[in-house]
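Across the two complexes that follow, chain A remains constant while its partner is chain B and subsequently chain C.
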Partner chain A sequence: MALSFIDGNEAIARAAVRAGCRFFSGYPITPATTIYQQMLKLLPPLKGVCLQGEDEIASIGFCLGASMAGLKAMTATSGPGISLYSEQISFALSGEIPLVIVDVQRLGPSTGSATKGADGDIQFLRWGSSGGLPVVVLAPVDVRDCYILTMHAFNLAEQYRCPVFIASNKEIGMTRESIEIDSLDTPDLLTRKYCPEDQPYLPFQVPPGTMIPPFLPIGGSRLVRQTSSTHDPEGYITADTDIIGQVIERLDKKLVTNVDTFTFFEFDSDPDAETLLLVYGVTARAAKTAVEQMRKGGKAISLLILKTLYPVPEDFIKQCINEVKRVVVVEMNLGQYVREIERLAESQHVSHFGKMDGELISPELIQQVIAL
Partner chain B sequence: MKHIRLVFSGSGGQGVITAAIILAEAAVMYEGMEAAQSQSYGAAARGGATRSDIILSDEPINYPGVVQPNILVCLTQEAYNLYSAIIRPGGTLITDSRFVETTKKVDARQTELPMYETVMKEIGKPIVFNICVLGALIGSTELLRPQSVMKAIGDKVPKSFLEMNKRAFDLGLTLAGEGE
Partner chain C sequence: MAVKDYLRQRFFPHMWCPGCGHGTILNSLLRAIEELELEKKDIVMTSGIGCSARISGYVDFHSLHTMHGRALACATGVKLSRPHLNVIVPMGDGDALAIGGNHFIHAARRNIDITAIVMNNRIYGMTGGQFSPLSGVGIKATTAPYTTIDNNFDVVELATAAGASFVARSTAYHVKESTDILKQAIQHKGFSVVEILSQCPTHYGRKNKEGDAVSMLELHKTNTAKIGSKALEKNPVLTPRGIFVDTDKPEYCAEYEKVIAFAMKEKTS
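So, the complex of A and B:
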């Protein structure tokens, strides 16, 4: 494949198909609609299914069903759609249903502004399901990341049997850039582990030494049970508090204890720096320019661009912030991810700059904030 | 180092975003440059204010927003009123003389051209107005080679409409030449 000039949404669609996604269902909403349009072009020739649901709740529901039947599935929306997805996200968490959910964030609250960007859904993605169990949230910076992280998102959803979010932004999803797909460092594809033919199948039985139950598709020759309610290894509803407690603990630990293996980031450290600029998403692009300018002016500064936001890669972040005295978090909201940094910082002073008016945070503004 | 920032502005339905995509695509695919093209528009598909930012560079592009465009294209009065002040001093401002009455003195090379009227007179189809604007832009700035842009138009436009688009593009080039 040669050079392409595509936007972040098209990159997500192309990467999804390459990752083996064969089912997409969504309900149109700017700025996520072009993912749906791309999937509509890409999936039918591969005998995949691309479907417009009657609303967001149905759309993600179709995806859950497709995933239970064994397909790699994806849906895409923006903030107002994530609100409607909420209960189905909880279902995917409880039933351990692999699913990739793209949130091309637009300025909220509510319908807000359709073609203005923001990173206002970050904590919402983490906490917008009942029960508060962890989810994976990956944040791309540019079109290149949209491609690579989408492939990782499918791998993580399959490997851990969980919903995985791509926290994109209108300013990435609808921005076109040159990209050479062949030159990208993409991961090998993973597929959920199936229960071997010769072994009895209990839908939520976890083999010793692992944290993920093997999978079998519903509608196949072997009996499968699926439920969103608290269940035992056989998939029957249970009120046994010991079993419930063990399952909940496993759902938490399967992601939190493994986050080191899927912490994506760019860390540009200057050993002389006393200040670390910490950013994610499209703001990282302004941060790179700002850091370049400040270094040209003789100022020592380090830059951490986080691409795995949840579960919070705590050890890694601590390691990075331990190198400096001051951490400046800049994000396109009024202060969301900074809360995670504040609780991880020990002696470091944590300051925050956030803005949510539909405009990108500029490199000049970041320089001013750091100079304060 | 070449690093050019452009803003195209107008209203929904004028083809502002399509023109921006074609220009950026021409730079990437046929001149080996890096490009970033973003866009914003109102809720209305037609009639709302539309803006597209384009950066063309020899180097990888970080920040994709345009603060002070070297080249600003305004196709409605509203866009002109809103954006004429942001142009970089010494930049190039292109307006259509039917839609925009230039009122303020800006520190820029102002090129007012009867692009819409010429397209309507010579071709009679407003749909290629945006392509004429691209021709005028290339003619007055020599930003890219005309054949690169024409190739990018060819990649986007159905074959049966290519000749009409080529005529519109040439009209723009000619208008820019006459305007010098």
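So, the complex of A and C:
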């Protein structure tokens, strides 16, 4: 089997194309630009579209139009661009428009440091849209994850008709590793459910027992209505508070009640451990080394690497932290995901270590933090 | 097909105020579509947010009612995904040229085959009468109680400079002329901009003492003249109406096809 020596950004691009992505649009920004460059190599030969927008607002708008026309679409940016996506993320949520959004995080705030990594956008991804409805955020640890999680991201976007984020990081996106793509445990491909020919079509009508309206493309043989306004099943603007309330509740529930089916993680549990180290993203790599060294030194410790950050897999996290007395959350920001753990912990003591100076958190630092 | 078959009458009464020019413009547009005998399923009406943008809710075509200022961005994605479609984008003056100004000039620059209609009432109707980049100097608006000091864009000049390959202007008074221009704009291969002067009696008319809808319509007639007409020659301060640009230029989707063909050839060679 052939080994590929590629970075996280290239893995994302390759996986996207394999997942059926046929429309990409973006605006140049380090450290996400190379995703665009890879897509430029891969898409046009497959008759796919790869487009440079006049800004991020245009780029994500192109993607939403393409997705409504029936194509699987992706865009990629970093913090400053995610900020500009905000309004359209809300539209994708309310209009139930499938879209994969890659955030190769760099050190903020603002322009920050283009060539330094961070995990500073985590809560922003979750809450950076008006209305505060849930989104899916997946966090890769390495190049392998970039590949696998991107394929899952497309599946989730299609299945739940929603925007799905990949929270990558400059360190993962721009570091090459050897991976054997053919041996990866990749999911079967899913495509959004289309409304059958013989059934009447209302754009936002949900069949009984399901939570997602069947899709038809804008520009197909049957007329489709889409709107960013509060709408009824016909896709027409409504002020009916009952209907509005029901739709919002469904948009919340369709993700939150199903997160168990897409909770990605690595849980390395030691039954004797009183401490659980909880990490995600590139920090997980240092955490693995730290745990290995601590175990060598005779210390019992458990490690949870979360890859589905949002919706928060609450039941699963509770199960993991119930095994221990103390949870230590380490992340490349000043305390973002730890907030979720604090609210889930009952008797466990939750502590946090984070820093934002553009340097990776080292295994030694993690060991020191745990020894405190 | 009769014009009424293009309307979703079950969503009436529509939201426009009595005398609003937007409904008249919709009428002209539907007649153009009828005369061109376009199929409903081949038309995608993409709009942003504003009184004008609500057109997309009333027409029985594919409709994509997006965000304020972003209609052209979404329309570009649709058009590139399904280039055979007739993508029509009705916009208010704020929608098209304030918040959406960047998309407007770039869509024109690309010369993508989209028909952009700027329904210019020189005011923000939906949000209560604030001035727009098309209001011009000396206008009263909610956000300009002492009158505006902002210069206005000339849509025709702007679209031309940005590269639109079809540029025209008419008014809500000149309904037949509007229909005729819109027909040509829709048929034109490339980015078409049609500015249609509209009237907002509720905000603009009232604040600027232009009277009711009838007298505002009268102004569309007396303040404008056809290009090449004697009236315009005699009185050059009148706003010219007609087709200013109608040229053949490479269209974006067609050019993208060439990119694909090239990339496919490279891949196999």
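Going forward, the second predicted complex is superposed on the first by the 371 of 372 C-alpha atoms of A that agree within 3 Å, B and C clash if a C-alpha of one lies under 4 Å from a C-alpha of the other, contacts with A are read in each partner's own complex, and residues count from 1 in each chain.
Just so it is clear, a residue touches a chain if its C-beta (ideal position, glycine included) is under 8 Å from a C-beta of that chain, and two chains touch if they have at least 3 such contacts.
Here the structure is a predicted model, which means the values were calculated and not measured.
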When the two structures are laid over each other on chain A, do chain B and chain C clash or fit?
fit
Pick one for A:115: touches chain B only (first), chain C only (second), both, or neither.
first
On chain A, which partner touches more residues: chain B or chain C?
C
In the superposed arrangement, does A:5 touch chain B (first), chain C (second), both or neither?
first
Please work out whether A:171 is in contact with chain B alone, chain C alone, both, or neither, and reply first, second, both or neither.
first
Contacts for A:244 in the overlay, against chain B (first) and chain C (second): which applies, first, second, both or neither?
neither
A:369 contacts which: chain B (first), chain C (second), both, neither?
neither
Quick one: is A:44 in contact with chain B, with chain C, with both, or with neither? Answer first, second, both or neither.
second
For A:223, decide between first (touching chain B), second (touching chain C), both and neither.
second
If you stack the two complexes on chain A, which partner ends up touching A:212: first (chain B), second (chain C), both, or neither?
neither
Reported in degrees to the nearest 10, the CA-centre angle with chain A in the middle and chain B, chain C at the ends is 110
Once superposed, minimum distance in angstrom between C-alpha atoms of chain B and those of chain C?
16
Shared contact residues on chain A - chain B and chain C
none
Residue ranges of chain B in contact with chain A within the complex:
21, 24-25, 28-29, 33-43, 61-65, 67
Taking the complex as given, what residues does chain C use to touch chain A?
8, 11, 40-42, 44, 46, 49, 56-57, 60-67, 70, 73-82, 85, 102-103, 106, 256, 259-260, 262-264, 266-267
Touching residues of chain A toward chain B in the complex: what are they?
3, 5, 114-116, 171, 174-178, 282, 285-286, 288-289, 292, 359-360, 362-364
Touching residues on chain A, where the partner in the complex is chain C
23, 25, 44-45, 47, 49, 51, 53-55, 57-58, 60-71, 73, 87-88, 91, 217-229, 236-237
